[in-house]
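One chain, subunit A, appears in both complexes that follow, with subunit B as partner in the first and subunit C in the second.
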Partner chain A sequence: MSAFLFTILASALGALVVGAILKRRGRGLRGGMALGAIAGLLGSLATMIPLQYCVLDPEHHMFFKISVLGGTITVNAVALLGILLVIVVAWAFALAIDRLRHHWRARSGTVWQADTAPGTFVGYDFSPWIFLAPTLVGLVVFTYYPAAQNFFLGTQIARRGVAKTAFNCLDNFASLIASRLQDAHYYILSDGFVWHAENARYLAVFGNSLFFSVFIVIVANVLGLSIALLASQKIRGASVYRTLMIWPYAISGVVVGIVFAILLGGGGSGFMNQVLRLFGAEPVPFLSDPWWARASVVAAAAWNKLGFNVLIYIAALQAVPLELMEAAAIDGANAWKRFLNVTIPMISPYIFFVVFLNLNYSFFDLYAVIDNLTEGGPVNATTNLVVDIIRVGVESRDIGKAAAQSIVLFMVVVGLTYVQFRVMGRRVTYGAD
Partner chain B sequence: MKRMLIFVVLILFLFSSLALAQDDDRVTIRFWHVWGNVTWLPDVVEPAFEAAFPQYDLELRVLDGYRNAYDLYTLAQEQGDPPELLQGTSSNTQAPRDTGFFKPLHEAIAGRTEINGIPVRLDEIVGPAAMFFQLDGEYYELPWNASTPIVFGNMDLLVEAGVAEDVNDFEAIPSTWAEVHEVCAIIVDKFPDVDCINFGAGGWYFENALAMQGAFMANNENGRGGGCVTEVLFNSQEAVDYLAWHKSLEDAGYWVDYGRAEYDIKWADSKLALHLNSSAAARSRVEIAEGNGFTVGADRMPYNQDVDYVGNMIGGGMILLTAGLEPEVEEGALTFLMYLLEPENVANWHKSTGYIPVTQSGFDFLEAEGWFEENPTFAVATNQLNNSARAPQTAGAIFGSFAQVYQMYREVFQNILRNDADIQGSLDRLKAEADLLIEEYNLLVPCEE
Partner chain C sequence: MTALTRRRAVDRPPLVHLLRELVTANRWYIHVLLWIAVIFMGFPLFYAALVSTQNNAQMFRLQMIPGDSFSFNLQTVLDRNIARLMFNTFAVATMITLGKVVLSIFSGMALVYFRFPAKSLVFGFILAALMVPGEVTIIALFRLVALELGWGNTWTALVVPAVASPTGVFLFRQHFASITPELSEAAQLDGAGPLQFLLRVLVPLSRNTITALVVIMFIGGWNSYLWPLLIVTNPDLQVIQVGLSTLDDGVEIGRTWGPIMLGAVIASIPPIAIFVLMQKQFLQGFALTRSK
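== the complex of A and B ==
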């Protein structure tokens, strides 16, 4: 397919899709199609010119197979990613153009009133830019420019210490879902598998990250809240217990990893297995079995975070108004119902806060624990996204692929945060009203 | 009183300025290294060198391992202020050469026989090290911390198990693949809570296993036979045999995979009988054993008894000289490098760590002292290398994407051990992937034939 045809196709598809969407929203088919065509055109040009239309070049093509319900198709990963990229950028253009059009119409007075929300600067006053400049400059220099540079690096064959780089299209990204040996194969409800992936290393790493995030958040929060409930009871020496329960938080991930490695490692003659043996139990392959190793990482990380969670939850529980609890008790609610219907809603902002931080920790900060506990093994069973970035970028010195992976990690975190705020944010009760 | 105080402060300021000015006259030689645990360098070498050469100010900076060394150095280069000397790992000799940051040592020496009155002792570098560190007969870097894998044994355990006659019976330490099985069967049977043998998953043992069997790591005679490396030879029968042996040890429960912090604890607690490690670990193995009341023995790395032994190879590191230095600075850096090769310094470095004495004069110095007779554990590495053939197989492979290939090997190795993956099939795939990486690297740094 030629570059010209690709651009025309993107523009036509943009016109169709945006036109259809805006028509459904009652904003007119013709305007929508025009907007879609322009966004499609700009989106394809803005992505494909820097990429030199390489997604159309067979030299860069990388394939994977996907089998669903017995049927198998071969997918070109580079082309797939290229199309997704065009869609995302075109979508951003469509939103931006629509917004600009809205502003222009607002300025011309047609929808002036509707757009004048409190706190909105009206017209083209430069003063907000002056106030924003210090922050914006910082953001551009230290965040946006490195992020753009990172994306550029993701499209290169680049090795640490080698000054020269070579353009590699989207191959670094595509190699995350396909294999350069063209032998990646995914099975979904097919060939006797519910779900199975062959020669798809990165997907397994991705799965590990999700596994850790889900279970660390669950374990650290359920246990944290339970302990906080116990520690909030009026018992003698409660402050001592609280302090003791909080201190694991003060320990660095490196130490946590080493301590758990000493406790759980060493195969059958390790410390924990010696203890188990005293009770007549069989040794457990804590660090050498993939699932036990994953569980060990969850245990170590949850233990590390537990203190923080307990601290926050104790504070949260103390903030629950006693009169509400008394009122519920008078109304006949037992302890469980009071906890479920009064305590949980009242502390929901804290739960949201803790879950958000724990989730970020699970995605970004697990490196020290994993590196010292399992070193990502056995056979990558505990390698998560961050560990893999370090492994690829620092140990293997392949900064092109590491850059591609870090962009994926960034998008995952942005996506998760968005979902979290959308889904959880609605269920959070701020204040007593 | 106030005036007096101001006067004293001014006088002090004057003196300190004069002192600083005096310091400024000296040429600063910065050496970034990773030997933070060896106090001999800052405690002995630095003051002795500065006393011998007052015109130089030696600044040592400890880096957190080889992994960071090149990265920090690259940053320093980008900022236009690199140190004069950098320690690099020998498992990655090609990559730093390709950066253009460093000046080949032989070019800097330019045929001189002495630098600042210190003899140039490069022709005294012992054979195995010379072969490993030279490329086309020339030294690009200074060979310094060179080691080879050897087996350390807890002699008290071996005696108690009836394997060794006494704690000095180093011959009892297994030296073939078959002997490892035989000894481990006895150890595990005698001591259920003791692990027989541990060694890392690193590619270095794999490299050595191939070299011992006379196999090449990569084509074009490991990249030393006139052409560059374009493919690895990881799927050879020798490679399959080595991994099959390793797997058989794991299946039998003789080899146990340890985390990073574990093997020292096991070793200290006498819960590990045999430890295949770098000879550079000799000092720490001995110190731990002394502190815990047992005796350490050592012997060569076990080899495949079914094929003729060819030889082991070296690992470790070298010191790189930054290119583009001012002549007097380069002279100072070279002076320090040659100072390190002085027999007494070579000997002390060996004693502090276990790295082999890299020069013959250093070896002779130690022998004259009777060091090896008193410390036979420290003699094993040199003996092993002396028994090794001088061949391209034992010189090690040279290619730029070495670090990546090592990393991939570790993953494949674990997959074979843990998931019972087919050895030949795994190695075939590893070779295919590694070849693609080499192709990529050669695209960035075209191969100079």
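== the complex of A and C ==
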């Protein structure tokens, strides 16, 4: 009965929201309401039937508390996640239906266009599929199937090494931020920040990932561009300098982690601290203080990526036409203004390219560096999303929860890719040839 | 406005001088800054090389000249079978690279030189895999490969899941699409089949693309750590990146850093050599992935 009510409610809400949005965009209210109702219906059915309407079941409920503006709210995390899931899927349905409708209207009367590419081999109907088969099979079996399996495993109680699983609703997801005990997860909202008060480990892990990516991108790009500016000038031995600076890119994360471990580790008798002592400075707890440990990971990772950034930026700077610089110089722009108003816009496609590569690297490829430099410590201070997935899934053997975390990580990829396409599409193409 | 700024420019040094200054800025402080950058970049591995000649006591004494333990460290890493680890890594990385290049060439060929239904859909299906990094699927992949396929502790588990490469397919598709179609038309007129055309015409024309992909993929395969760490536990099959931390001499308390650093230096030589020697091709590969 409550399942029926849930579906009707989703449909009605969809009709209201989409109807209102389309009306404001100057399209028909009735069409919008119909679209919203269908999307809400499909969205709730597509998510809740596989989940067996378990989010309505009190047995699966989990809670966290938020303290905001003096008051305290208790939130049911499973219900919240269920509602968010329905909204996202229904939204996707609405967009897809709308798109399809336009598509059909535009295409009505036209035949599917035949592919008349010149130079194709005629009379081989089967060969392309044989050529493609290994790649397609490989991607289906080792990329798409595990990705889909994640969505299944995320809703299961699954242990490493055990083939059998049992349905667990959205508890694996909810347990990342909530608990069955009402007071275990307690968040304080103040000045626009969420401070975790108790037992909110996953939020801290997520924060570590964000911290690493932001600072690795800043350090590796500011230094990379500065060095490239120096090395791209037409000076004697420029290519020698370039070669002497780009090679750390080829070094593995493991070696980076181990080498920085001997540079920064070893407590007061470690290399860096002995050097600091020569200058009369106090020893720094590089790997044992949470913030210094995070900074150490950033330093190691930025050092690893710096060479690549320098290489790309040198190529970018050499592609800036000299006539533009000349014109700016004639107009009286000094070096700094020329850099800001000519160089930066001209190389902006490369900047975005490098920034997104660095972002991807710092979100997904830091495992080897962290594992060999800090092992995620002290006390999870340098544990990021990937390290935590391995912790939970391999070391604690909780495959279900690790799969749920993998899906969160996948959402990060989707978000990054979306932003990348928007930014690349809008701002950057004019500089690319 | 322009007239005004132009008039002001007359007071400045003539344009020729300004440009020459811009182009040949051979000032000493740029060289000093660049050398600082070079030292900054090179120091970590230089220090690792230094420690690889020292014992723990010399290292903690911050001795900045080579120590006397190089032969001991070398003996230790040889006893710990670094040759085996290096060979394993070389074999696995080579197999992955070879597989990726061959499969990608075939797929790129199919996507450019054949007509078949739903071609753009297939291409989209391959490209969409770029959105799924290995770290996202690693838990489910581990379950699949170890539990369902039973490939734990084999090179099959290291190589086979890695050989399908959306990057490679994209690279070759773009490259083949940039080759004039008249070539394949001429080949067909001469009676060449697709395979002949591939081997006689496309592969020789794709040398740069192949090199670019080989550089990127070989370094990636050589440096991979997490997957072998999870799926291989047999030390005889293990790769160097995972094996590095086992290069201790096992005698002293705590880690003996000399042998480990020697191992790190040895493990870094092949990828650095390839990267430095092939930086031009590597850059071309990235240029190819960028152009539409």
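Note that in this section the second predicted complex is superposed on the first by the 360 of 433 C-alpha atoms of A that agree within 3 Å, B and C clash if a C-alpha of one lies under 4 Å from a C-alpha of the other, contacts with A are read in each partner's own complex, and residues count from 1 in each chain.
One rule holds in what follows: a residue touches a chain if its C-beta (ideal position, glycine included) is under 8 Å from a C-beta of that chain, and two chains touch if they have at least 3 such contacts.
The model shown is predicted, which means the values in this text are computed figures rather than measured ones.
Shared-chain residue A:Pro290: touches subunit B; no touch with subunit C. In the superposition on chain A, A:Val394 makes contact with both subunit B and subunit C. In the superposition on chain A, A:Thr165 contacts subunit B only, with no contact to subunit C. In the superposition on chain A, contact of A:Ile258 is made with both subunit B and subunit C.
Using the contact criterion defined above for the overlaid structures, shared-chain residue A:Ile351 touches neither subunit B nor subunit C, since it reaches no partner.
Using the contact criterion defined above for the overlaid structures, shared-chain residue A:Val298 touches neither subunit B nor subunit C, since it reaches no partner. Once chain A of one complex is fitted onto chain A of the other, the partner contacts of A:Asn372 extend to both subunit B and subunit C. Ranked by how many residues of subunit A each touches, subunit B and subunit C are led by C. In the superposed pair of complexes, A:Ala328 makes contact with neither subunit B nor subunit C. Note: residues 160-161, 163, 258, 262, 266, 269, 274, 372, 394 of subunit A belong to the subunit B contact set and to the subunit C contact set alike, using the contact criterion stated above. Residues 67, 70-71, 74, 95-96, 98-100, 193-195, 253, 256-262, 265-266, 271, 400-401, 403-404, 407-408, 411, 414-415, 417-419, 429, 432-433, 436-437, 440-441, 443-445 of subunit B touch subunit A in their complex. Residues 157-166, 180-181, 199, 258, 261-262, 265-269, 274, 287-288, 290, 372-375, 377-380, 391, 394-398 of subunit A are the ones touching subunit B in the complex. Those residues of subunit C whose C-beta lies close enough to touch subunit A in the complex are 2, 5-6, 8-9, 12, 15, 18-19, 22-26, 30-31, 33-34, 37-38, 41-42, 44-45, 47-48, 51, 59-60, 62, 103-104, 106-107, 109-116, 119, 122, 125-126, 129, 131-144, 147, 160-166, 169, 180-185, 188, 193-194, 197, 219, 222-223, 225-226, 230, 241-242, 244-245, 257, 260-261, 264, 267-268, 271-272, 274-276, 279, 283, 286-287, 290-291.
Of all residues in subunit A, only 115, 117-122, 124-125, 127-129, 131-132, 134-139, 141-147, 149-150, 153, 160-161, 163, 227, 230-231, 233-236, 241, 243-256, 258-260, 262-263, 266, 269, 271, 274-275, 303, 306-307, 311-312, 315, 322, 325-326, 329-332, 349, 353, 360, 364-365, 367-368, 371-372, 386, 389-390, 393-394, 399, 402-403, 406, 409-410, 413-414, 417, 432-433 touch subunit C in the complex they form.
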